[in-house]
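The first chain written gets the first letter, and so on, giving A, B, C and D; residue counts start at 1 in each chain.
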Amino acid sequence: MSRLGIAGGVIQVLVVTGGAPVLTGVMRQVRARLEGRAGPGLRQPWSDLRKLLRKEPVTPAGTGELFRVAPLVLLATTVVVAGVSPFVTTASAIGPAADLFAVVALLAMGTATLALAAIDTGTAFGGMGASREMTIMALVEPTLLMSVFALSVRAGSTNLSAIVTAVVRDPARVASPAGLLAAVALILVTIAETGRLPVDNPATHLELTMVHEAMILEYAGPDLAVVELASSMRLTVFLGLLVTLFVPWGIAVTAAPLALAAGTAAFAAKVTICGAALAAGEVFMAKLRLFRVPELLGGSFLLALLAVAASVFLGAA
Amino acid sequence: MVTLLMAAPVLVPVCVAICYLLAGWRPLTAWLAPVSAALTLASALALAAVLPGSRAALDGLIRADRLTEFMLIVIGSVGLLATAATPAWLRGEIAAGRATTRTAARHSVLVQLFLAAMAAAVLAASLGVTWVAIEATTVATAFLVGQRRTRAAVEAAWKYVVICSAGIALALLGLLLLNAAAAHAGAGTGLDWARLAAAATRLNPAVTRIAVALLIVGFGTKAGLAPLHAWLPDAHGQAPAPVSALMSGVLLSVAFCAILRVTAIADLVLGTGFTRALLAVLGLGSLLVAASLLIRQRDYKRMLAYSSIEHMGVMALGAAAGGPLALAAVLLHMLGHGLAKGSLFVSAGRMLQATGTSRIDGVRGLASRLPLLAACTGAGVLALAGFPPFSLFASEIGIIRAGFATGLGGVTAAALILMIVITAALLAHTSRMLLGTDAAAGPAAGGGNGSSAGGAGASDVTAGLAPVVIALAACAVLGLYAGPLAGLLHSAAHTLTRTP
Amino acid sequence: MTGYVQSLDLACGALLVTAVVIVWRRRLSAIIRTFALQGTALAAIAAILAAHGHDPRLGAVAAGVLVLRAVALPWLLRRALGSGPDAGGRETRPLINVTASLLAVAALTMLAYAVSRPLTALDPSPAADAIPVGIAVTLSGFFVLVTRRRAVSQLAGFLLMDNGITATGFLTTADTGLLVELGVSLDVLLAVVVLRVLAGRMRDVFGDTDLDDLRELRD
Amino acid sequence: MSLAGSGLVLAVAVASLACLAVLALPARFRPAAAGAGAALAGAGGLVSGIAMLSGRTFTVALPGALPLSGLEFTAGRLSGYFVAVTGAVAIPAGVYAIGYARHAGTSRSACVFLPLFAVSMLLVPVSATAATLLLCWELMALTSLLLVLAEHRRRPEVAEAGRWYAVMTHLGFACILAGLMLTGGGSLAAGRHLSPALAGTVFVLALIGFGSKAGAVPLHAWLPRAHPEAPSHVSALMSAAMVNMGVYGIVRTGFGLLGGGARWWWLLVMLLGVVSSLYGILQAAVSSDLKRLLGYSTTENMGLVLTGVGAAGLFEDSGHRMLAGLALAAALLHVAGHAAFKTLLFLSAGSAAQRAGTRDLDALGGLRAGMPATTAAFGWGALAASALPPGTAFVSEWLLVQALIHGLRSGGTIGAVVLPAAVAAVALTAGLAVATFVKAFGTGFLARPRSDGAARATEAPASMLAGMGLAAAACALLALLPGIVLPALARAAGVAAGPAVTGLVTLRLSGAAGELSPLLLTLALLAVMMAAAGCLRALPGRRARRAARLWDCGSGPLTARMEYTATSFAEPLQRVFDDVLAPETDIDVTHLDEARYLVTAVQYRRMVPDRIEHRLYRPVLAAVRAWGTAGRRLAPGSVHRYLGYGFCAVTVLLIVLAVTR
């Protein structure tokens, strides 16, 4: 693990942790403005977190240890992913952990743990949310893997930093059919996994439609704060993966302070832009029926498969 | 001395038969039969020990070579099993009022004559005498099959005698033709198989073909091979259990031994092609018949009978493959099948006494009612299905290996498929009888009669099973380690395949 | 010499004719009578061969055959027929009607001739030429066995078969050894006795029934 | 006789002694004797397997045994690997059996055959001749069959499962028999040259035979029936060790006996693997019987292994030895990992089912209160099974994916068509596995009990916990330090170009870019969790935890009937894969007698049948039954008919003789 990697890791963790709620704020603000509302302002999410953290921790009756540990696991997985993925620098803090398979598995693990916690409450809401979340996850994880495989085939490695380095070396390959297909698939997956429209509506508590919110219904106080922080960080991480894999421009290749600063700034800017675009898109979209969601995900899985095949054929050609 | 040993297997049973004729069936005399069978076995073993090669006695009337010794061992061991199980069975019958001491005595006499005839059949030096002895077994067993004078018993006996006599008559015709060929060969040989083999090169092939074909089909009748197999399920189903054990375990093998002798001669005259084709067809036919009738079988004694047809078919395939390995496997299969089938028929007899019905769907949950009986039955069926450690596994492996090696690949593959079906049917029927709770068996087992008989029989049903356990254990040991018997097997197979 | 040949052919002809008649007739008593005739013909064959070969042992055998097949066995058959209401009963409608049966027998005779060509070629002699007759009789005996419904007529079929075989044995003029011949005859006698007893038992348990109705044992 | 041989001899001796002891001892001590025997035999196997892997060899020839064929055993590295895995499974299973059998009160036979089963499995891989292999194989099948039947008095399904198992295993045996005999039926050593057609036939036969034992679709029908019905330690032995024998057979036949071969062989194997993994995990995802779910998951994992084996064959065929070694190593590592976590899962599921008195996930739940240790064990196993870090399947599937991804470049045209599909299948399997095991663990062990049995369940006895503990430790070892088995893998895979993966803490692919360190990953996770927890504690104005009621929408306390059941949990997934699973639903509405329009009760039933079983096996069974019914006409009871058979046969025979001369 190089100095570059260490520096990148530390910066990324800090940036993501601190910036994730801000990003959420930005997105809410964008939506509000587009819908003609004033909006709560960018700092609102942070204030919500602070408020929640001050509340007394509450344990719902009949829940076990796992219910209490789950938020921490969710947070930990997300932080580790944020630390090892090459967002700011092309090197990774823990090289052997920056493997695509590992990153995807970590993200899945977070979801799975939260789903188990939701089942553990034994409420109908919890079970419903968990069931829906796992259904989505079961289709999201393979799509995620496939869409990045499409890139790793050309890079000859599934290590994220290797992929990013390769892309940085010749940016042209992003424009290849494989790259485009993979990008579309990854965007769809990101939307589904982070619980945005049209898959899930983060702003609703209507049991017919909610997925993520149903799972965390029983959380309150600091636990809820951790969950909220972790999920906003997940959103950031997913967007970060998206931008770092497809538009890695500005990423730091040396440990020079300037380069690091530039990388950080570029990363923040790109993620913010993506987030804003996502929010803007959501305004013009209605939520899908839950059982139409698998069709969407199946489509994206197919795209990813095509991306892999295309990368092979065109790579051989 | 050796002559005495050779004559003993015939003489001892005859003497015992006379004893029964005079003394009748008493608790004391009841154990004469096992003793005579044991003596047969002992003399066979002694013969195998002292007599290295072939030897004739009583001025060429009887001759013993390795094959004869092995067949005598088969007769002795299975005979011992069946006769040792007889007293308990007869007591059960008498208790149930289906037999009297007079029938018991007649039964014992006929069984002894039956054993003597079979021993004579394998000891005879002349194929003619072998034929006479085999036909004599029909006569001796006819009344055993019809012992219970019910309609079914009489019907079975009639079919048995008519079909067997007709089939064996064909064999006689074949014998006469073979004799004519031999006479024309000018060896003045008569039908002594050793001299026939010696003079084989001079026999007229065209005549020998016809003769051998008729002989194989004819003796095949008695060996339970298709197409004249149909007497077998009826007779085995109706005969008293120990007799079924003897018929299925030994009689078929004795007849098959005659076929082996004929085949050995025919191969010298005609080359292996002719008998190979004939035996393969008969074997496959038997397997097909057995499979077709086992799938939806409703009667467990008939089920065992059809499985005998199957195993005879397997042996026929082995004989068709020919060669030392295949023939050794066939002989081992004879012994293993004799032991397994014998113990199964004995257990089936006890089952009949316990449940009062021979229908498969009349017996349920036997494992929870009569564990020992169920264990014996299950083990026997597994042995028949060719599972290790029972010796049928080893022999079937040998037969199939030889089959694939001698270019009978297609036939062997077809046989394998049929054997899978047969095994599936056997296991399915047996598991229905043995497994589960006997709650279901209440009404099915012939109403109150069945259950009451079960209650009464439960105590003494397990009594007579010691021989069965021993036989199955022997079968299992044989499958893992044949010991000195392996040498006997190979030399016996060698006597059949040697060239003059 | 010609006398020998003619008499031998005459006897063999008689053998075949009686076989055909047995297939033809339906009345059981008639069948048994014909069977006795056939036994005589068989004995005649043996006697002729004995006379021609100056073979006293064969002569003795001929005498034995005469006693066994022309007297003893028919007597047994008549006993089996019993003295009940069905004495001299008829073979009620055989499985294959008489005309067809006769045609079948003709075909079987042809087959016998075709099959036994190598036998006649083995050592050409008047006796060997007649071997096909023996085989034809055997086959038609088997045919009777298959097609006749009554216990007694089946018994007759079995004996017809056996006569054919014995005739073949004589005509091949090959000595099988006294022991075998005695054993064979004894076995046949015993088999017939057994069958006769069984037939009696069947009459007891089933009444005088059609063998084809014996279908208790089936799958 | 080297250590390798003596270990096996010891195993055989111990097992036979244990059998005698079981037969002799009173019922009270039987389970202990049997379990101890199995465990000791397993230990012997483990030792000798490790010895073989480290290069010790031995050859035992018993010409006298098994008449007409003789027996011969010999050591090999591949054999050593499978012997070691089997032994390692037998140890915890044996320990567990002591407590399980005592409380289940199983019959004598159930105890007698346990050590025999273990030892016969140990002997399969070291068989040197066809006859030896067949004998050990059939002994293994027989003993396992009898063990499956152990509880036949309790449930009628047991007999049915036994029938399926017996027939399927016999079918497989016949195929293996035919295949081996076609090669001459002699030694299993390589170097026999057969014509391509014959070799292909042999391989296909072997694939059918061994594949059915490995539970590969469509030959899997027996597996989800037999594995659940057996006592749980037997299920563990079958599902974690016996299925591996199928893999061993395929590898040994394909690479060893036939020495590689045509490309289509391996494409076939890969197809089998892909289909099995997908179908298996789908059925597992919608099944609501805990042990049946585990059985289907076995099919899935064997599918992954076969995918790896097939890929190895393809790479070998196209000359990429390194990739071949990588793929084979991945397959073998997955074999070991699957053995570990499947043992753990079956053992813990068994104790749960035994204590709660049901295997039905819809009736289980809430066990974490009554039996915490078992719950923890199952959770650990579920984590390992669902390819999440830190789990064993995670590492092996990573290796497998690495092999496939790197093969994409060099697989040639066929590779370019097949490998992406394989990668997709693996990815999809991984995703579905997570959902499946979340369902199994969540609805089975967490939440509120759904039946009295589950509510009353108490912790399992010490020996059963000990068995689970051993398996759990094995899982942890393989998950965190897979590096320690890598040398063994390389030797077993027998790669000429040296080990494909190296490193103890960090696995590095040699010859291709790619590294993974499960240990570092886990440590990082733990560190972050600790830190976060610390921060939470250090919060200003922190107050003590307070218990609160669940949110019940203000309508009284929540009952267990309001919970999501396993079935309802899986419903969306099943809806997604409707076309593959083809669930059957039937609704019957009972109306009021007075008015047809008033409904008294509505009953709704939905089952997800094994579709392949319906489409493939039902027709065959029906055909056989029809054959049997038709066959009865052969024996109508008419003596004339019977004689007629003979008469016609003789006539035909004579005609043939007359015509041909």
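General observations
We adopt the following convention: a contact is a pair of C-beta atoms (placed from the backbone, for glycine too) under 8 Å apart; a residue touches a chain by one contact, two chains touch by 3 or more.
Being a predicted model, the structure only gives us computed values, none of them experimental.
Chains joined by the most contact pairs: A-D.
Centres computed as Cα averages put chain A at a distance of 100 Å from chain C.
Averaging C-alpha coordinates per chain places the centre of chain B 43 Å away from that of chain D. Averaging C-alpha coordinates per chain places the centre of chain A 35 Å away from that of chain D. The mean-CA centres of chain A and chain B are about 77 angstrom from one another, to the nearest whole unit. The residues of chain B that reach two or more other chains are 158-159, 162, 166, 206, 209-210, 233, 293, 296, listed in rising order. Shown for chain D are the residues that touch two or more other chains, namely 631-632, 634-635, 639, 643, 646, 650, 654, 657, 661. Contacts with at least two other chains are made by residues 115, 118, 142, 145, 211, 214, 216-217, 219 of chain C.
Each chain pair that touches appears in this list: A-D, B-C, B-D, C-D. By the touch criterion stated above, chain A contacts chain D in their complex at residues 53-54, 56-62, 64, 66, 69, 72-73, 75-77, 79-80, 83-84, 94-97, 99, 101-102, 105-106, 108-109, 112, 115-116, 119-128, 130-132, 134-135, 137-142, 145-146, 149, 152-153, 156-159, 162, 217-218, 220, 222, 226, 290-291, 294, 298, 301, 305, 308-309, 311-313, 315-316. The part of chain C that touches chain B in the complex is made up of residues 115-116, 118-119, 121-123, 135, 138, 142, 145, 151, 154, 158, 161-162, 164-165, 168-169, 172-177, 179-180, 183-184, 186-187, 190-191, 194-195, 198-199, 201-202, 205-206, 211, 214, 216-217, 219.
Of all the residues in chain C, the ones that touch chain D in their complex are 95, 108, 111, 114-115, 117-118, 139, 142-143, 145-147, 149, 211-212, 214-219.
Touching chain C in their complex are the following residues of chain D: 631-632, 634-640, 643-644, 646-647, 650-651, 654-655, 657-658, 661.
Per the touch definition, chain B reaches chain C in the complex via residues 61, 126, 128-129, 131-132, 135-136, 138-139, 142-143, 146, 149-152, 154-159, 161-162, 165-166, 169, 172-173, 175-177, 179-184, 190-191, 204, 206-207, 209-210, 233-234, 237-238, 293, 296-298, 302.
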